[in-house]
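Notes follow once the structure below has been shown.
Chain IDs A, B, C and D follow the sequence of writing; residue 1 opens each chain.
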Amino acid sequence: MSNNINIGVIGYGYWGPNLVRNFAEIPGTQVKTVSDFKPELLAKVQARYPKIEITTDCRDIFNDPKIDAVAIATPVSTHFDLALAALQAGKHVLVEKPMTVSSEQALRLIEEAEKRNLVLMVDHTFVYTGAVRKMRDLVVTKAIGDIFYYDSVRVNLGLFQHDVNVIWDLAVHDLSIMNYVLPSQPYAVSATGMSHVPGEPENIAYLTLFFESNLIAHIHVNWLAPVKVRRTLIGGSQRMIVYDDLEPSEKVKIYDKGITVNGNNSAESVYQMLIGYRTGDMWSPHLDMTEALRTEGLHFINCIETGDRPITNGQAGLQVVSILEAATQSMKQHGQLVELNSAQVAV
Amino acid sequence: MSNNINIGVIGYGYWGPNLVRNFAEIPGTQVKTVSDFKPELLAKVQARYPKIEITTDCRDIFNDPKIDAVAIATPVSTHFDLALAALQAGKHVLVEKPMTVSSEQALRLIEEAEKRNLVLMVDHTFVYTGAVRKMRDLVVTKAIGDIFYYDSVRVNLGLFQHDVNVIWDLAVHDLSIMNYVLPSQPYAVSATGMSHVPGEPENIAYLTLFFESNLIAHIHVNWLAPVKVRRTLIGGSQRMIVYDDLEPSEKVKIYDKGITVNGNNSAESVYQMLIGYRTGDMWSPHLDMTEALRTEGLHFINCIETGDRPITNGQAGLQVVSILEAATQSMKQHGQLVELNSAQVAV
Amino acid sequence: MSNNINIGVIGYGYWGPNLVRNFAEIPGTQVKTVSDFKPELLAKVQARYPKIEITTDCRDIFNDPKIDAVAIATPVSTHFDLALAALQAGKHVLVEKPMTVSSEQALRLIEEAEKRNLVLMVDHTFVYTGAVRKMRDLVVTKAIGDIFYYDSVRVNLGLFQHDVNVIWDLAVHDLSIMNYVLPSQPYAVSATGMSHVPGEPENIAYLTLFFESNLIAHIHVNWLAPVKVRRTLIGGSQRMIVYDDLEPSEKVKIYDKGITVNGNNSAESVYQMLIGYRTGDMWSPHLDMTEALRTEGLHFINCIETGDRPITNGQAGLQVVSILEAATQSMKQHGQLVELNSAQVAV
Amino acid sequence: MSNNINIGVIGYGYWGPNLVRNFAEIPGTQVKTVSDFKPELLAKVQARYPKIEITTDCRDIFNDPKIDAVAIATPVSTHFDLALAALQAGKHVLVEKPMTVSSEQALRLIEEAEKRNLVLMVDHTFVYTGAVRKMRDLVVTKAIGDIFYYDSVRVNLGLFQHDVNVIWDLAVHDLSIMNYVLPSQPYAVSATGMSHVPGEPENIAYLTLFFESNLIAHIHVNWLAPVKVRRTLIGGSQRMIVYDDLEPSEKVKIYDKGITVNGNNSAESVYQMLIGYRTGDMWSPHLDMTEALRTEGLHFINCIETGDRPITNGQAGLQVVSILEAATQSMKQHGQLVELNSAQVAV
């Protein structure tokens, strides 16, 4: 492979160091420049990676003709301006999730990338874990049967955000996983939530997502929980999955459990027990434990070289942002159903 | 104590044997008669309790002047007629939960009991466990501080009901616990859910309950889960509780965790971190492990003798039924907020 | 099947009621008489099973020509005399574990039963659970490969015994399971332990069992532990088992994990890494959840009718008693190796 | 504080990078030189810490007059020669555990350090964790009462060592914790174990340690287990501790559980139940979560400056090595009791 890709990374706060470390370890790829407006963070870059250039002005990255691609790890409110500038400078873009603060912005970035034939990828990291890819396999191969529900809990104590509510901070993970694993997209959302700090956004929220079929999804996110929970249940007609991201190795368990519906459901038989219960083995497949960000970085580089569309492309980012928008609107209305704009989410 | 109370038990299916066993073991109390329309169940009574009279006609119980009180453990659709007949026959009544199929019926029973000065008690069993009483203590004594949220999950595989949805079957437990533990009552509910068996009621449901304060409650119930979960989180301003009913002994854990909100929230400081995190000890109190139904049975007998109002009286039953009604209505409307009729729930 | 077996049960303390209940539910089998020297326990029999005869004199059972078999659930010090008397009265015998207080006594009972052609069975209950039978299958079919170790922990708080040490009370379970599951018998034991109550037998003990191969077994038993643990690890060359009896459903988990030993182990290569690690799927098979005592009771009845030798026959009981004897001796000598008398344990 | 301590680190394999990182972050302390005979490891030092000098010859460290102290993170067989050379060059020494391959070597190092008035410290890392220090507090303050037993399990799959058995690799952790937490030292050991790879040292082992009182300790270590376990039970007359190092936050739990021994234990009362059971609250204290190696590094530097004797000094290292030696000898003799040479372990 003749790749020799130069990356510029914008933002060296919480996530930026992970991006730099992973791109630095991909053969044929170099992190050429890191920008951050905080000099003390750039000092850390310099101490650890003496060869990487540093700057407090991200325009140095956009203006550098040797830089092929830009990774953006800044607060969500800045994603749109930075990604747009990068695309307009002819750079491929990898942007943190959530992609933007509105679906309108996300659409604009998709258009810009398509017009310029540039890769636009959203950093939905969990999609690149062995656990999530295994679950998608199980769904796609119909090992689970028809999907009945997707139920996720993601709660812990902190870190409260000031600019976005807990849905934008935590549910974004579940929505990106869900959209990747499930065979269809939701058409509407009902959400509830509450703020417990005056003047701050909601710190606890519950989302229900409706689909055209009898599939239902639910996500519970909470910044104010005494224990950390990262658990998803996926119920299917053939089998059911428990995905616990806190398990050190057996993160995905598949239960050969379910119901069997017998006979007709006529008026006479309504009080007869029509439903049988099936309980079989449980199975926990060995998972690829490669760091997700490495798999994702390789995929990004590969898309740049081949022109392939990334798995977590702009449309995937837009779908998530659309749900976040609608959920926030529904939450303000105490659970009022809000339809997702199907025009927006069309691929 | 000079009590000598005779009990008639109607229904010897799943729960009836527990009622008979517990009343049989209370000194000064006798189960005089058990009725069930299935002779094979009555044969079990006879084999185990040769001295108890049996009948397939519950009117034998109503008409027996020696019977002081009636315990009703039949399907919910029959509760109203049986309880009303018992009250009209001058018997004290202990009725299974949910109390009735409508708040209108519940109100009617409350009126009848008050008019006749009879004890009307609903079998909200969990209220009489050591774990739930301990949680109420922690809330009442303000050890938890202001209550921010109540979040409960009650899921497992089976048993599907044909006549009621999963809310009436499972959430009834959570609502009875919640109403006992929390210091205030909800004013509205938003619920979502789905049926995965054509023609059958919803087997998965999510309820959000709103209160006048910033307290929010949420209940997740599911008949179609691969694993059994019975877990409640209660978040407060001072401490937080995890109540896991499947733990053999440490069912209640109290976490000295939370947030501290510092300083003003002015426009300038909006990007400063105003919120601090507090993590201290965890503590799991020793719980009274007396069987809940024994504590409850003693309380029922005591109320009969003293004329005291039971903890889980008709009003408590009505409050739960009102929420079940409203939640079912909201669920049909995909999460539309439904207000609870405050007139109904007034004591 | 034309069986019509009458059982006499001696001892109605902790375990006797379970024996009576299970035999009472086996078609064609009746519990004819229960004896216990405590009248208050016999009153419980009468209240629950009005048709069963009661007596404070167990000779009434031995002398009853209609009684075919005797189940003995009394303290271990009485097992020998009662079992011998029952055999001499021509009754088949099911005796609680440990079979006797010495291997000499156990041998004597075996001889008596063989001479009279009677069934002599020891109540090694765990052998009849779905979990233990599944583990034996996995070992017998070589799914686990060669067995490397058997490691069991059985600890909790209470109940301290006065007449036997913790090995006789708790390790007896592990030894009976181990002897059934493993393909060979140990030849020697090293045990250590301690008493923490002056004048009382050891309440904590550790046993190591040696086999002719490189198989090693270890059992940890403790009456004074803050938490209850019931966990066995079985390591094999192909797979490894974790058996946790406290898990409600997934009691047996099979790990496709292990090592692979590569190349020669010559002097030059000694510092090279010869050992590879293999990590594959985990699998938890669905288990037969029939109550062990029911399966065992059916097996006892079947052996009486067919003359088959029981799985947990006198020899199995003797093997366990021989190890208990040797372990107690080793424990007094601070771990000194004690060989098991191979003459005694020969079948 | 006027400290300005220069450190040389020998060995940059598994543990060396942790030492370098922690010393680099202690104010007033610098890692001046790192040596390793593998150039590829030194390249990693250079990439990450451009200012640190590198060398393949550790004598460059001994001969550097600006270096005050040496940290040794090499295979155990090299500890003695390296530590001795460092002491003879006048350097303070921090050496990995186990301190040496024999108690004779350990004694020699202690003498050398005392003669030269240099700090000799052994890297018993766990002693510097919040969890272990909390347990020592609980023991020292008698919150646990008299200590009855110390029981530890440390098992997982891999990494097999070729030059030392599993006791030297894993039990060294438990012994260093035990010696720090318990109020007295063992006088003898009985150990058993087995190798499952021909020509390789034992990969599974069980140690029982005897003390002058009725305290007993047991350690189970295993390189060939399907699951990772890191769990210690400490039983006392007043309370009991469960220490689970795999718990993310509640590593130490204190159970207010135990027995009470009532009345005399005369011959007449031997069959009466003299022992009562006490079950109270469970409590999990908040722990200092500072990285142990940071606390340890600060302690090492402080001892150099003040001349204080380290907590994990040469004597502590010697005590552990003495037990490892004796346990290995006992294991070869199938559990034969081996006394610990009290002369050697005297302080």
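By our rule, contacts are C-beta pairs under 8 Å (C-beta built on N, C-alpha and C of every residue); 3 or more make two chains touch, one makes a residue touch a chain.
Being a predicted model, the structure only gives us computed values, none of them experimental.
Trainee: Could you run down the chains that neighbour chain A and chain D together?
Mentor: In this structure, the chains that contact chain D and also chain A are B, C.
Trainee: Any chance you could check whether B-C or C-D wins on number of contacting C-beta pairs?
Mentor: By number of C-beta pairs in contact, C-D is the larger.
Trainee: Give, as an integer number of Å, the spacing between the C-alpha centres of chain C and chain A.
Mentor: 53
Trainee: Taking each chain's centre as the mean of its CA atoms, how far is chain B from chain C in angstrom?
Mentor: 43
Trainee: Would you mind pulling out the distance in Å between where the CA atoms of chain C average out and where those of chain D do?
Mentor: Computed from C-alpha means, the inter-chain centre distance equals 39 Å.
Trainee: Give the residues of chain D that touch two or more other chains, as numbers and ranges in rising order.
Mentor: 279, in rising order.
Trainee: For a test of understanding, state which residues of chain B touch chain C in their complex under the given definition.
Mentor: So the residues of chain B in touch with chain C come to 48, 50, 228, 246, 248.
Trainee: In their shared complex, at which residues does chain D touch chain B?
Mentor: 249-250, 256, 279-286
Trainee: Inside the complex, what are the residues of chain B that reach chain A?
Mentor: Touch list, chain B to chain A: 148-149, 151, 153, 155, 157-158, 160, 162-163, 188, 190, 192-200, 204, 206, 208, 210, 214-216, 218, 220, 222, 224-227, 233, 235, 237, 240-242, 253, 255, 257-259, 261, 265, 270-271, 274-275, 277, 279, 330, 333-337.
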